[in-house]
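First chain A sits with chain B, and in the next complex the same chain sits with chain C.
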Partner chain A sequence: MDEQTSLRKAAFSFPKLYNFPPFFTRQPNQQTYHTQLEAWRKIVIEYCRFYRIWALSLNGTALTNVKAESSSGDDENEESEPSGTEGEKASVFKNTKINREVKGDFIMTIYESLIEKKEASWINEQNQRLGILIYWNSLEDWATMLMNWVVSTGQDGNVLTIYELQNGEAVQDQEFAGMATETLTRVIFVLAKEGRARVLKDDDGTIAGVKFGS
Partner chain B sequence: MPVGRGLASFESSAHKKQQYQTLGRKLVEEQREQIKTQLQVFQNALITFRKQHAEELRSNPDLWSKFSEICRSFGIDPLVISSLGIGSKADRQEKYNQLALRIIDICKLTKSLNGGMLLVDDLLDLINCESWFTEDPEVKITEQDVLTSLDNLKALGDELQLITIGNKNYIKSTTEEINADQGLILSAADILGYVTVAILRDNFKWRSYRCKSNLEDLVSNGILWVDDQSENHERRYWITSWINK
Partner chain C sequence: MYHSKYWVPVSLSTGHRPIFENLEHDIVVQDGVGLYQGSAKLLQYQDGRVYLTNKRIIYVPEAMVSNSHKIVAIALRLSVILRCIFHPGFLTSSPKVEIVLRSSGVIHPSNKFSDQSKISDSNETKSFTDSAFSHLNPNLDSELVWICPICFLSNTLKLDGGSIFNIKHQIGVPPKCGACGVTTTWNNLQKSTMLAGIKKSQAHSKYTYDLPEVDIVSFNNYQCPRCTFVNHPSMVCCEMCGTALPSKKKHTQILGHSMESHLNQSSNGKYGADFRLEADNLVDDNVIKLSFRLGGEHNFYNKLYQAIKDLDWESIQRKNGVNRGVVTSSVNNGINFSKALENVGPSTGIHGLQSSFIKKNYETSLILNDSLQDLNNLFEKGVQLIKLGQRYQKVLLGAEEKSIQSINSDLEILQTSHSTAKTLTSMLLRKNKFMRAKGQYTGISSLQSLKRAVDVKKGTSTYKVVYNLYLKELSRHICEFLIEEDILEKRNGLITLYELYALYNEACGFDIATPKEVLKAILLFSKFNFNYVITEIPLTKKEESTASMNIECTQKVYIISYKKLDSSSVIGKILQILSDHPGLSILQIQQERCLQISFIIIESLLNEMLNDGILVIDKTLQGEFFYPNKILSHDDSDSAIANRNFKLKIGNKKQKNEGTPSPIFKAASDDKSDGNHRDDILKELAGLKF
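Let's turn to the complex of A and B:
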């Protein structure tokens, strides 16, 4: 844990391209554009991995409270976040140093390219404004990690709640600790599909817990 | 065995488990450090051997190929190996051949970024940024090395050309020709990192269409990148060598 906190204090180091002003304008040359898009995809993934961001808004700021419905709620996980200037939330797409930012339609293209590579998905396909989940590990990799942890801690066959999987004391040193519920749900569905976990639902349809093992 | 009831059933052991895990991590870390140190010792020994036995290595091709293989498997850059203990013409030739390979690689890798116009200074930075080159002045690659290496490559065709624009050397790996106007544009862009139609018009007294068509050609070759967010809203055309500034 100490290790992680100290890492998080340092700022993410962007590649040099991030300080090159035209990097923020969509390039008309197809090949250049392709290179540009690839570079952006990589930056988004690594940025989110570094700050442990599970979801981004449509303008590239970190979402701490990920909800698939547009209702308000309390912030559950208070992660340290990349800070912008003067209280403004930092966006991965905004470089205040050179006064450049990626515009909305280009951000959408970057998001679509991430989704196409299965490195992200909309929080709610029907309501894309809610933002996007970023998978800095693939859902399959997260599923494997989660399952490995379950097996190695001898909890095969046990029932665990979503909260325990996110914030339980025993998961604090795991890479998936603090995972957004929306992401975790998808990871669990991967396991459920493979028959390695069973989802237990409450009366109101929300996930109450997960029974691991077949 | 009791039926599992979530994490509560083993919370008492959680603390102990965490201690084991911390210990485990520490051991792995220490082991990794040790292996890293060992690797460095081996690498240094190989480099010393290369320097001390330059003569033998040169006269015995069999030994040389085996030695190179060992070096590669220990993660030593072949360009470093061939830059050490240079005594004869053949040694130098070997170094320039290795360097040529590296230049071709870097040109390929960076082509989609710079349209096939690579600044020699950038090339040197890319090669010399590896610790091998920074730590040992004997292996550090110089501009002259690059020029000689490119000269040698000429025998194989003109895929890579050295062209001088303003006072800067570029390696051109694109087949597109750079005309005189475009050369002027690139050397002007080297001052601020970018040019605009207005800058070209004012400095070269060109008509707008001449500025535009040349700029557009350079953009479509991937050599210039456009920037539409300047303070005065005039489109700027940037040269990619500015990425490393």
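Let's turn to the complex of A and C:
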């Protein structure tokens, strides 16, 4: 496992622009600014795809413990705090080589442009500090991928738990393996909306399992 | 075609203002004036400006601005004017000033010198009656000097040719003392006018009868003409009342006279001018009319009348020094200059006293300086002469000693001559500076009077006309100022309006123009076809939020430059510098050798370039650094390729997924990916050397 990770994580190769100091400052010229924003969007997506990061904090570090109260809408989630304090973690928005980093408000603009392109969404719309989910494949793509797997493995009509979909033996070699719960629920809701899956809920409202097939 | 022998073509400065002669200064400027010869219109001279100076009337046609070759500016010497008559406007005809000329008073190029004397002679005879009259009736004098009964300061009151009763009628309130501010009484003024009249006539009679003698009983002219205090001969002004003493006057008169005659000799070689007329039958050779279509006729007439009077008076003074006992405002050039200063600043209260003291000190120091320097030079020359004599003696005595010693002495002589030459040039320079400063002051006297007129007329219907004239004159003067001072050459061809304004006001004294007026005047440059252009550069700040950017756009900076030079060349230079050394701050750019431009200009230029997307900015805690825009160009080439690469990668992955599931994408739990991340960091750390 370690060998594999080391092989895979040689390092993410940033584009040349990443070493250009003004790239980290918001440019006043509109055209330049749009190009800049676009470049940042791509970097974020590819960075997350490369390291299989499902969610980012507000300063650009990877969130490992994605939790949200999206359904109940409770105010503060204490568990997100520790991940926020890990400031030392490598951020995609920080280039230690040239000693530059993107400022918070510009990060927010980048996030907003990602959300606008449906490549990301807030973990909790009411509490944006919890972080952002990055969809390096679109939710629809994920849904198709998930459905394809269900069909190809002959589990159509079966009930699968969320944990099985994330960490089950059968999904270990799939691309969606290890998907953050928040992302996975959204993918399942997409399927449910299309009528290809049904969500089974516990008494307390959390998702207990998914029944695939119509 | 009609040929007039009175009008003389004159040359103009680049600012389309007449070039004044030495000791000449302008008094009034009026635009919208048409010219008549007799009763016939001069066709090409129907819309123009008239400059009244203390020597000439100069007419500059407005059409000169557009086609400068065909029509020339013309001038009329005040000395050829016999009298002037004022005609008020009637129905559609504009008010006119009729000028009657002396038929004999024209200088012909053939017998210039003989005619010159003739002119002054005729001046003399003609104006003698006038001046004599003015002695007996002092009310006609230009200004009245009265002494404050409280502080004994001698104040001057402008009479402008009218009597004291006229003034009383006009103002109603007696004038205040300049120093203590106590209002005087009409009685007091009356007394002083009578006194002045007596003094003048006395002086007049005295000098016509016993001019050469020095009257020891009255201490000649060391006695103050106003308060009768006998001053020490070295005093310039009276110790008691501060009146200027007439002791130095003879000197200046002689100086002025010689200069004057020199000027007359060297002035225009060509006499007369040709005109096209409306109708030939109405021509009267000796009558010229000025038609004032935009008002200002009263002022012009009064000033012209005064100027003619002054000129007559001057010529009498020059002739036989009639006026030696009478106090005039000019004691020497330096004091004249300080008089100009006096007009600029306030002259009331303690401040007035203080400034008058400073002025006095300044004048005396000037005189002392000059005399000391002259003495020094004389002494030096004497020493030199003695040395030279000694050496010559030696040479005569023994020619055999002419060895190394003589070479040494030669060298010494050379050195001393060098040093004298140096002192001479420095003296010359000083004098030049002084003359120029004086020129600046006299050059703007009309501007100042115009400005005062503007201030007075505020709110009335004629305000706009006067204000426009003022702006035009200001514009011309600024243009001349730019050329004379070589301002743009010194500043790499660019100057901000702020700097120019500061320089201009510094050179011309305080309060000559407000920034707004200067801006308006400079905006007129394009109308006058001057070689300067003003560009407006928005002072936009590069801000993160778009909202604040919109607000910042309202600030602008104005830059004055040559017409041919545009800011794009400077932009090109900056871009060149930045592509050679990317990542420079504004200060670093400013320090580049080829760019000596002010900080504000560079900053605004850079901001403009930023907004145009030519540059990109890097903001750090250390400051702001500028780079050529690689972000946009990257998008065109590199990142486009990168894009394709990304897409390829995705494609590959998808293929892999569809095929056999690759072991690389093994599901990793949250904890594991966290671990991976830590590995990553550790690896990065391992790469660093401690």
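In this section, the second predicted complex is superposed on the first by the 188 of 214 C-alpha atoms of A that agree within 3 Å, B and C clash if a C-alpha of one lies under 4 Å from a C-alpha of the other, contacts with A are read in each partner's own complex, and residues count from 1 in each chain.
Everything that follows uses one rule, which is that a contact is a pair of C-beta atoms (placed from the backbone, for glycine too) under 8 Å apart; a residue touches a chain by one contact, two chains touch by 3 or more.
The structure displayed is predicted, hence computed values, not measured ones.
Novice: Please tell me, clash or fit, for chain B and chain C sharing chain A in the overlay.
Specialist: Chain B/chain C on chain A - steric clash.
Novice: Name the contact category of A:158: first (chain B only), second (chain C only), both, or neither.
Specialist: Touch partner of A:158: chain B, not chain C.
Novice: When both complexes are superposed, which of chain B and chain C contacts more residues belonging to chain A?
Specialist: It is C that touches the greater number of chain A residues.
Novice: Could you tell me if A:51 is touching chain B, chain C, both of them or neither one (first, second, both, neither)?
Specialist: second
Novice: Touch test for A:17: chain B only (first), chain C only (second), both, or neither?
Specialist: both
Novice: Is A:166 touching the first partner chain B, the second partner chain C, both, or neither of them?
Specialist: The answer is second: A:166 touches chain C but not chain B.
Novice: In the superposed arrangement, which partner chain does A:113 touch: chain B (first), chain C (second), both, or neither?
Specialist: Touch status of A:113: no partner.
Novice: Between chain B (first) and chain C (second), which, if any, makes contact with A:62: first, second, both or neither?
Specialist: Second partner only.
Novice: Between chain B and chain C, whom does A:100 touch in the aligned arrangement: first, second, both, or neither?
Specialist: After superposition on chain A, A:100 lies in contact with both partners, chain B and chain C.
Novice: With both structures aligned on chain A, tell me which stretch of chain B collides with chain C: 5-13, 59-67, 149-157 or 185-193.
Specialist: It is 185-193.
Novice: Both chain B and chain C contact which residues of chain A?
Specialist: 16-17, 20-25, 27-29, 31-32, 35, 100, 172-173.
Novice: Tell me, which parts of chain A touch chain C in their complex?
Specialist: For chain A paired with chain C, touching residues are 1-2, 4-6, 8-9, 15-17, 20-32, 35-36, 38-39, 42, 46, 51-53, 62, 64-66, 88-90, 100, 103, 105-106, 145, 166-167, 171-175, 177-178, 180.
Novice: Give the list of chain A residues in touch with chain B in this complex.
Specialist: My answer: residues 16-17, 19-25, 27-29, 31-32, 34-35, 99-101, 153-155, 157-161, 164, 168-170, 172-173, 209.
Novice: With touch defined as at the start, can you tell me which chain B residues reach chain A in the complex?
Specialist: 4-7, 9-11, 14, 17-18, 21, 112-113, 115, 194, 219-222, 225-231, 236, 238, 240, 242-244
Novice: Going by the contact rule set out above, which residues of chain C touch chain A in the complex?
Specialist: Interface residues on chain C, with respect to chain A: 540, 542-544, 549, 583, 607, 610-613, 616-620, 625, 627, 629-632, 634-635, 638-639, 642-643, 646, 653, 657, 661-674, 676-677, 679-681, 683-684.
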